[in-house]
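Look for subunit A in each of the two complexes below; its partner is subunit B in the first and subunit C in the second.
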Partner chain A sequence: MFDLEAIYRAASVQDAIAALVADPEAVVIAGGTDVLIRIREGKLAGCRLVSIHDLPELAGCRLDAAGALHIGPLTCFRDIVDHPLVQRHIPILAQAAAAVGGPQIRAMGTVGGNLCNGATSADTASSLFALNAVLTLTGPQGSRQLPVAEFYLGPGQVALQPGELLTDICIAQADYQGFGGCYLKYAMRNAMDIATLGTAVLARAHGAALMELRVAFGVAGPVPMRCPQCEAALSGTLFRDAERLIAGLVREEIHPRSSWRASREFRLQVAGENAARALRQAFIQAGGEV
Partner chain B sequence: MLQIIHLTVNGRAQELAVDIRASLADVLRRQLGLTSVKKGCEVGECGACTVLIDGRAVDSCLYLAVWADGREILTVEGLRAGDGSLHPVQRAFIEKAAVQCGFCTPGIIMSAVEIVGAGRRYTREELRRELSGHLCRCTGYENILDAVQQAVEQTLQQASS
Partner chain C sequence: MGEESIIGKSVPRVDALDKVTGAARYTADLCPPGALVARILHSSIANGRVKRIDTAAAAAMPGVELVVTCFDVPDIAFPTAGHPWSVESAHQDVADRRLLNSRVRYFGDEIAAVVAVDEVTAERACRAIEVEYEEYPPCLTVEQAMAADAMPLHPEICPSNVLKEHSYSSGDLAAAQAEPGLLHLHRVYRTQPVQHCHIEPAVSFAYGEGGKIVVVSATQIPHIMRRVVGQALGLPWGQVRIIKPYLGGGFGNRQDVLYEPLNAYLSQRLNGRCVLLEASREEVFACTRQRHAITFSYHAWARPDGTLVARDITAWSQQGGYASHGHAIVANATTFLRDIYQDEQALATKAYTVYTNTGAGGAMRGYGIPQGCFAADCMMDDLAQALGLDPILIREKNMMRPGFVDPGTGIACQSYGLADCIRRGRELSDWDRLRRAYAQQSGPLRRGIGMAIFTYKTGVYPISLETASCRMVLNQDGTLQLHLGATEIGQGGDTVFLQMASAATGIPFADIHIVSTQDTDIAPFDTGAYASRQTYVTGKAIKKTGGLLREKLFAYAARLLGCDAAQLQLCGRQIVSAAGEPLISLADLAQNAFYGLDYSEHITAEATSHCADNTFAFGCCFAEIEVDLPLGRIRPLKVINVHDSGVLINPQLAEAQVHGGQSMGLGYALSEEMLYDEKGRLRNGNLLDYKLPTALDTPPLCVDFVQTVDPSGPFGNKALGEPPAIPVAPAIRNALLHATGVAVDELPLEPKRLVRLFQERGLI
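So, the complex of A and B:
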């Protein structure tokens, strides 16, 4: 038994929003793999839930007329990994989703829940940062768009206003076309473990040149982050120079902390090393000559 | 508070009044007596509570019972054929001595049933990944992997013959 007081099973997005407006303290539950754990831990004891678990309108992926890729926030990790559009256009997100938990968790946990939970360790967050994902938040006043980087306010804190739901994750064509990508999760175990550090790299290539670089990390700070200075310094350079320099540059930009999982120094070491490794794989995937 | 849900469990349509606070594991065990569904951790770490929901392996301890409304649930109790014979996965677990205390076994069998049903070959490495949501404190996993591999191979051979 879970210590909860009530659950409202919303029949549509509008229905869910109305329920949240009527009961501002109610907690949204999607796949439940974070919320139910928090209830078990007693942190949400006695809560009232608004369940969006069964809203097919929020699940699945599609391309729009402008070539932008839309990912429904309710899409579970397993369906992200298997989706042909994700595999073709943003395989980095499939790689990140495949790194979450184990198979059963991937069949329940959703990509939207991963973002809304606000954890810096969220496996899909760094890739969505690198992809410049734009989120649609829908509330009683209608919808608004927000870049994913502005969605994170602090550990466990995101920019959802009372009554708002995350209803779309969008990646513009210019943000995926021509890019190769790679997500590397560093954890103590190969499965069922939270990232000690997550590294996402996107690259565009022309011959031996690295035309454009994007680097994002999870657990390198209180929220997922990009490394804009490193990206600016290395975009438009030769791959072999970038591969040599990237470790030093990212280490100057990130500010990981020590935790029981790993020390700050260890995370700095892994960040540099995995940035170089992910760059190589992303560059090769983009058709670059190494 | 109770809610009425309609679902199919092991091929039988059911109408149940479930406590909104109940996990699917609670309902399967207490209301339906399906005690093959084990509770090891109740926080999604061990896989002992794994059942198939609409054909997919899911931890029933992290799944609200009310969500099962309209869905099809399969547990180990539903695997036996009409003539009483065991499922190929169950037979393989016996033949490969993949069971010791047996606490993890029903959950792993349900994941294996989904794997075998996919109708394709798996490398050892892929099987390790597919079973990585299960903990076994007895066997050391090798016999379990042997059993699942055997069940996959036998099922493929039977399908092609």
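So, the complex of A and C:
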């Protein structure tokens, strides 16, 4: 039995926005895998919900005429994992979505919810950072676009204005074509866990050369982050040099904190190690010669 | 159809179909609609006193039926441990808890309760209660609690926080140590608090009926619970009725009385209205019981050939805020240390159980032996490594041998399969080859193989009473009903009880029906499911009662047929003559017995088996692992347990029991740990942050048995329930030592600890 005051089941995006405008304190619920937990913990006890769970226009994946891949934020993790377009063009996102929770969570939780929670540990966030995903936010005044890196304001805080919904996640063709990718989740067990550290690496290869590198982390700072200095230093170098140097470079650039779950030192160790391991897999996937 | 055929047969569990289809009903399924719901208010400090509670706002909320606080409940201290009551006051469990407590002794202590029309209302009312505390600094460790200036948590029970201590010695330790040429090792081994994680939470509902208070509860120990609820409420025990339906896991947490007395009291205060009290997972973690964290300061002296000459061991057990099973756990651990290995010259052990401001330690599968086994078998490998000996060889040199008698308890080794278990494990694990293959490795991924051995006492005699009763009732169609006070808690008890009843009576297995639910008004007395006692102790009662029932059946048949009862046999569903000639079917006999116009007799048999006996079970674990040094991760590749549990009643159920124990052992070894913050609050009291292993963390689990025939077991059987959880952690720790050369003396072997140690050792 959940302690909630009311739930409004929106019939369309506009209906949901209208409901949120009418009740600015209402909480959006999609898959519910985080919101229901917060209600149960008492943090959202007695809240009013606006459900966007039944809006098919927000789910699914498609390619547009320009070759950009659009992911509906209401697509559940399982459908991300299984979607042919995701598997073909951005398998790194399928890998990240497959790392979330367990089968039940992946059938209910959504990729948009994963972002809108604002958690640095969100498995799909670091891959979407590496992919330069652009988000569409729709509110009473219409729609606007925002790069995913600007969406995160702080722990648990995102750039959604009152009445706004995340309505599209877009990855331009230039941001996936020719890249190999790898997401490595480090958690204390192999399922049903949140990331101690998430590592996403995208690479383009030409023979033994690493033509372009993108590195993103979850839990390496208060919000998911890229490592632009490391990327600049290693893009255009030989893979074997990059593999040797990447651990040290990312460790200088990230700033994980110590908590009872893991110390800063531990996360630094894992980040360096997994960056090198993810780079190797991404580079091989991109056709590079190791 | 005798014991030869049904004992040792893997018949399917009798409760399987109902459990997999969802037809089986558990406590919460049985709660009548319209029951009121209770929630508990827990303290938000670990040590202190409730000065004032303001319940006015909560009591005024619509739908709230009752609010009680620690200042309202009867001033009766009661014990909660699920031990048989002792008629000697010196041996009775420590009575240190009240229904609600104004003296707060751990973070989450029960200080008030609300009963309302539904869960949300009760929860909201709890949040509306205002509490003012007088707060004291918490003692969260044994060291803090034993400090000279530490405030005693239970001054009325013991003047310091040492609840109890005891020591044991044999031989002349000083003289033994003085022998020239000995290797002396001193290590401190630490085990962590963990929890049972049964799937069904702590749950009960209580109502008044016929002048009695009825509590339906998920418990392992209905008859003991009846006594404790009576004591806690100051009621005659006969006015308490406990009903125990199917149960979703116990592992010892329900060998304790949890919220049932409070639940009964709340119903009583509401004139017997039905009240449901179901703990959340977070409450189960913070407020029920846990495995004691025990620290061992362990000295051992050995000759270069591996002979253990002497040991001097001190153990400190972290009890938490209330005594529960108290000193019994660490006492069991130190007894184990002298049973599993024998010192040639001298042994000294000392043990302390210390109150702390943390959740209470209680019974948990293995009852102190997983902790003791970790210490004992870490030391064996540390000695072997220092002396350059094979870990198996040093164990074989020093371990319990046939004919051993424990010098304190008098328990004798009546059947012995330990050496054969090790032999079998050695073969199955490919030990000799892998020890060599993994001896010299470099690089980030390294493999290792380790092992550990144990012995385990089957029942609790002579420390406590062992007694069980059984009742068999003939039905009108010649089938039988089996009534026991022993409980099915998921382990498969009902099925093996029926197998034993079939063997004891000769009546076909399919014709015997178990009454699975215990109702203390009806069920014969049995102390319940704990230790690894039921197949052994209850089995004896079944065997005895089966014999009585056969005599009654033959006596009735002889009267009916006009023949000599001594000449009759039971064969399948027929009573036959000595020559094997069918005389009368059981169905016809039963028809006559119930409805015969000249002589009806309702044939039943009932007997108590007072069990003044006990016996040692044995086993070992072999674990092969791969270590990822830079990431601090251990990947178990294979876990092999080999057990000597005497004759197996049902091999398939036995194997399942071992799988469960291996899983529990893996979590204990690698990931599980209850973590408290500096205020004494449990940080990770939920199944996300408490790292119970999942299926994806579990390697292939291999199981084998060495079947000895124990002369004291009713069917040659001895302990199996708890043992599988015991040896896994030290086997994995020793495999890590083999793989990396790093001896880790503290559980769990989790990545953060390992990365730190590998960095210190220059491995990464």
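Please note the rule applied: the second predicted complex is superposed on the first by the 290 of 290 C-alpha atoms of A that agree within 3 Å, B and C clash if a C-alpha of one lies under 4 Å from a C-alpha of the other, contacts with A are read in each partner's own complex, and residues count from 1 in each chain.
As a working rule, a contact is a pair of C-beta atoms (placed from the backbone, for glycine too) under 8 Å apart; a residue touches a chain by one contact, two chains touch by 3 or more.
All values reported here derive from a predicted model rather than from experimental measurement.
Enquirer: One more residue to check, A:M1. First (subunit B), second (subunit C), both or neither?
Expert: both
Enquirer: Just checking: does A:N190 make contact with subunit B only, subunit C only, both, or neither of them? Give me first, second, both or neither.
Expert: both
Enquirer: Just subunit B (first), just subunit C (second), both, or neither: which does A:M108 touch?
Expert: The first partner, subunit B, only.
Enquirer: On the A-aligned overlay, A:F266 touches which partner chain: subunit B = first, subunit C = second, or both, or neither?
Expert: second
Enquirer: Residues of subunit A that sit at the subunit B interface in one complex and at the subunit C interface in the other, please.
Expert: After superposing on chain A, subunit A residues 1-3, 102, 190-192 contact both subunit B and subunit C.
Enquirer: Any idea which subunit C residues touch subunit A in the complex?
Expert: Listed in rising order, the residues of subunit C that touch subunit A are 118-120, 123-124, 127, 630-632, 671, 675, 677, 683, 687-689, 691, 693-697, 750-752, 755-756, 759, 764.
Enquirer: What does subunit B use to touch subunit A in their complex?
Expert: 1, 19-23, 26, 42-45, 47, 50, 56-59, 62-64, 66-67, 111, 129-134
Enquirer: Can you name the residues of subunit A that touch subunit C in the complex?
Expert: Per the stated touch rule, the residues are 1-3, 42, 45-46, 102, 186, 188-194, 260-263, 266, 269-270, 273-274.
Enquirer: Quick check on the complex: what are the subunit A residues that touch subunit B?
Expert: So the residues of subunit A in touch with subunit B come to 1-4, 6-7, 9, 29, 32-33, 36-37, 40, 51, 53-54, 78, 101-105, 107-108, 190-192.
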